[in-house]
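Each structure below is given as structure tokens.
Here chain A shows up in two complexes: once beside chain B, once beside chain C.
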Partner chain A sequence: MNAFIGFIMGPMVWISAMIFIFGLLIKFIFIIKEVREKEQYLLSYMTVRHSLRSICAWLIPFYPRSTRLRPVYYGVSYLFHILLFVLPVFLFSHIVLMDQSLNLSWPALHDGAADILTLAVILALVFFSLRRRLEPDVRFLTSVKDHLLILMVLLPFVTGFLAYHQVFLYEWMVIAHVLSGEFLLIIIPFSRFSHMITAPLTRAYTGSEFGHVRHAKDW
Partner chain B sequence: MKQWVFFMVFILIMGISGLVFSREDQERLDPSAFETPRRPGAVFSHDGHNEKAGLSDNCALCHHVYENKQLVEGESSEDKTCSDCHGLKSGPENGIPLVRAFHARCRECHFDSGKGPVLCGQCHMKE
Partner chain C sequence: MNENDAEIIEEATDEAVEKGLERLTSERISEVINQVLHKETGARFKAYVDTCMRCGLCSDACSYFLSNDRDPRFSPAAKVKQTIWEMLDKKGKVSKDFLRRAVHIAHLECNVCRRCSMYCPFGIDMAYMMLLVRRICHKLEITPQYIQDTVNSHSVTMNQMWVKEDEWIDTLQWQEEDGREEFEDLRIPLDKQGADIMYSVIAPEPKFQAGLIYQAAVIMHAAGMNWTMPSRPGWDNSNMAMFTGDNEISGRIARTFFETAAKLNVKRIVMGECGHAFRSTYDVGNRQLAWTMAPIEVVHAIEFYHELLTAGRITIKEKFSKKVTLHDPCNVSRGRGLHDMARKIVAMTCSDFVEMTPNREHNLCCGAGGGVINCGPPYKKERMRNNRAKAEQLAATGAEVLIAPCHNCHSGLEDIIHHYNLNMEVKFLGDVLFETMEKKIYRPGE
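== the complex of A and B ==
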């Protein structure tokens, strides 16, 4: 058992981190290459200024008009995306593991705070899932796969929470936690989650078309 | 919907059984050398553990002595605590801070020997 745990908490972490980073990097390069070969004209009116302008405008909470029209959804969404990044990176247990293997450490969230924020993420995911069931026009665009992807994000948070509290089946909970976390990292480049890099590209394109061509704002 | 109800009931039962079958009292290491401990002290029954792990005549593996960063063979330091030499913060004079010293000594051997606890909660068991 220890050998298996050693593998999933050792080499497997690096393997999945590499797939995550290089998967996204290769995806990015391919997108740029495709645009260059097939849709060269897009690049002719893309500008750095209008791209950055649009990306920044959409990063400011409730600055774009459409986010103000649906404040609950976008509020939950902003909070969720920030926590999705902050929680795993600044979680104390994760930093202890990092310190152990790479002698690297940085300030950590207080465990009690992390615990409450974890619950907030879980609630946000339940909210997203319910919205996809209950709101007619979103429901129309939703397939089983969307719910499965939500589940994939949910799993590391639920299992991490239960493991931290050592409620039941502790060993199996940590194993499930580590595997679901690694699985999530691995599927990011190959799923809708790659909007991590494609969303800014979409903004850059739309921002340039609106700003440079039509002299309008896209937020 | 039915599956969800079953799932929730399952979680609830497991949770309650986890609370009811609380763990027996176990000998623990004292974490007070870490000014503000963030985990329950690690379970460790000194003599019993060392007998089972075959360390009874290798006290110096843990209670070691260093001089000028060189391990001194054949000498041991049972009269000192780990925190006497290993400070909390790493620095030039403190190559191996206290947490890393404990984890390196204990957890690594458990990985190498394939026996003993390696997950946070197996050592820092809830009280």
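== the complex of A and C ==
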């Protein structure tokens, strides 16, 4: 058992981080390669300027009309995505672990703040899940898989939250936290969460078609 | 589980679709679907399928969704769910009932207006997905009858409406004769080598609306342009094959068109007020022929009128005084960004203008384009139901005259106006220009 815990707390962390990074990188390379082989012409319509123009416009909160039509969902999703990256990276206990293993450290979030923000992420995910049941058009699009995906993200945050508060089964919570975190990292490149790298690409392409070819805005 | 999951039984309304379905075997169905979805697409298609987070932000984009009380089945992503996702899940092994519904979704519940790609945060192009479904339908030979007939016409005559060569030339000469009542030396120059401009129209003009050619001739003549029209096939710039997924014929149409212009050795092509024809020549047909952009400059009427007015080649005698509003045809606004130019023309020719909202790139589609109206009378009632949002948008302007610089929009909007008793008159920009312009010949320096 201890060997197993040692493994998931040690090497497995690195393995999953590598799968996450290289998985996304390889996915990116394969996409570009396939476009070059099969749809080379798409690249001739892409321009850096129009790609960035579109990506930037869509990064400004509530600038695109679409985001103003569903402000609550979009606002929650915007915050959720920021916290998804900020929380794990700037969490005090994560930084301590980094410091121990790699001798690297950086300023951390205040623990109390991190706690509230974690709760915010959890609530956001609950909101996503509820919305999938309540809003008819989203409900029509939703399958079990979408709820599972939300659950995948929910687990590391919930277990982390419970572990921090040491409410019950502290050790088990830590193990569950580490495992679910690793699992999430591993599935990102192989699931719809790979939208992390496809989003800028699809946006850049549409932005270029709209901006460069059609002289129109796409937000 | 979900009341909307109940399968919709599609009625057998279309003879061509029914006959086509009868001929199909299940092997043929899966062979074609897999061929199109795996061989004719690439990383872009995969990214669109894999990236869609089923978030529903695209729903509000679609006028079909808005017109049907936000019925989830009309959300852009839902249309893909009901067609492509399922085809992928079942590896192409889908039933004939499924296909009947798929034809209907792709041809009548989406007019490939591309509005949704501006509402999806990932910019997923659902119009592209629906055109893929149409491509599958085309290869399975289950395209709706009326629109297939226009493609057949293209294939045989290189125009959309079975216009014969002598009819075409006769019509031009007849319009020339009429034009001479306004200007005694007006000509519609046929096949003039090396002219600055080749003027091109869609087949419905000689067939039903020859007066538009007459107006164009008067405008060209008054502006003192060096122009010509081709007497041979290639004069029709429309392209219905582009909307049925018949890419091969679509390419033939575009090639004939550009070759005609090349043979005449013209500097540029000016086209009448048609949205989809512009999409074909400016954006789609050229790609079919492996040209990044059109090999010869293609100028839409909006751009051309704007040029004539700002250069002073046409002057306005008296502005149009009725209250007007402007419909932005998606293929020239979302498709070419001409909406602001159109507004400038309206400002120069009309005194009382009211915006309809949303507008410009965010305009709601007329609901006739993308081949929907071309599926013909069997579907008209349904089309009217699907156009309710547009009707409400029109009514809210309180305008007497609706300017729509696109042929398809025109027909579609007229249907909407009659069906919803809106009491509006639909005009082309060319109509307004023709009515308000000074009927004198431009001479430089005057």
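Assume the second predicted complex is superposed on the first by the 217 of 219 C-alpha atoms of A that agree within 3 Å, B and C clash if a C-alpha of one lies under 4 Å from a C-alpha of the other, contacts with A are read in each partner's own complex, and residues count from 1 in each chain.
Note that a residue touches a chain if its C-beta (ideal position, glycine included) is under 8 Å from a C-beta of that chain, and two chains touch if they have at least 3 such contacts.
Just so it is clear, the structure is predicted and the values come from calculations on it, not from any experiment.
Please tell me, clash or fit, for chain B and chain C sharing chain A in the overlay.
fit
Tell me which partner A:219 touches in the superposition: chain B (first), chain C (second), both or neither.
It touches chain C, and chain B stays clear.
Is A:171 touching anything from chain B or chain C once the two structures are fitted on A? First, second, both or neither.
first
Could you tell me if A:134 is touching chain B, chain C, both of them or neither one (first, second, both, neither)?
neither
Answer with first, second, both or neither: which of chain B and chain C does A:100 touch in the superposed model?
A:100 contacts chain B only, not chain C.
Give one of first, second, both or neither to describe whether A:6 is in contact with chain B, with chain C, with both, or with none.
first
As a test of reading the superposition: which chain, chain B or chain C, is in touch with more residues of chain A?
C
For A:92, select first, second, both or neither according to whether it touches chain B, chain C, the two together, or no partner.
First partner only.
What does the superposition give for the shortest Cα distance from chain B to chain C, in Å?
Here the least C-alpha separation of chain B and chain C stands at 14 Å.
Overlap the chain B and chain C contact sets on chain A and report the shared residues.
Shared contact residues on chain A (touching chain B in one complex, chain C in the other): none at all.
In the complex formed with chain B, which residues of chain A make contact?
2-3, 5-6, 9, 92-93, 96, 99-100, 103, 111, 163-171, 174
Per the contact definition, I'd like the list of chain A residues that touch chain C in the complex.
Touching chain C: residues 30-32, 34-35, 37-39, 41-42, 44-45, 54, 58, 64-67, 69-70, 73-74, 77, 135-143, 146, 192, 194-195, 198-199, 201-203, 205-207, 209-210, 213-219 of chain A.
If you look only at chain B, which of its residues touch chain A in the complex?
14-15, 17-19, 38, 90, 99-100, 103-104, 107, 110-111, 114-116, 118-122, 125-126
Along chain C, where are the residues that touch chain A in the complex?
Going through chain C, the ones touching chain A are 2, 4, 41-44, 46-48, 50-61, 65, 70, 72-73, 75, 77-78, 81, 117-125, 283, 287, 290, 292-293, 333-337, 358, 361-362.
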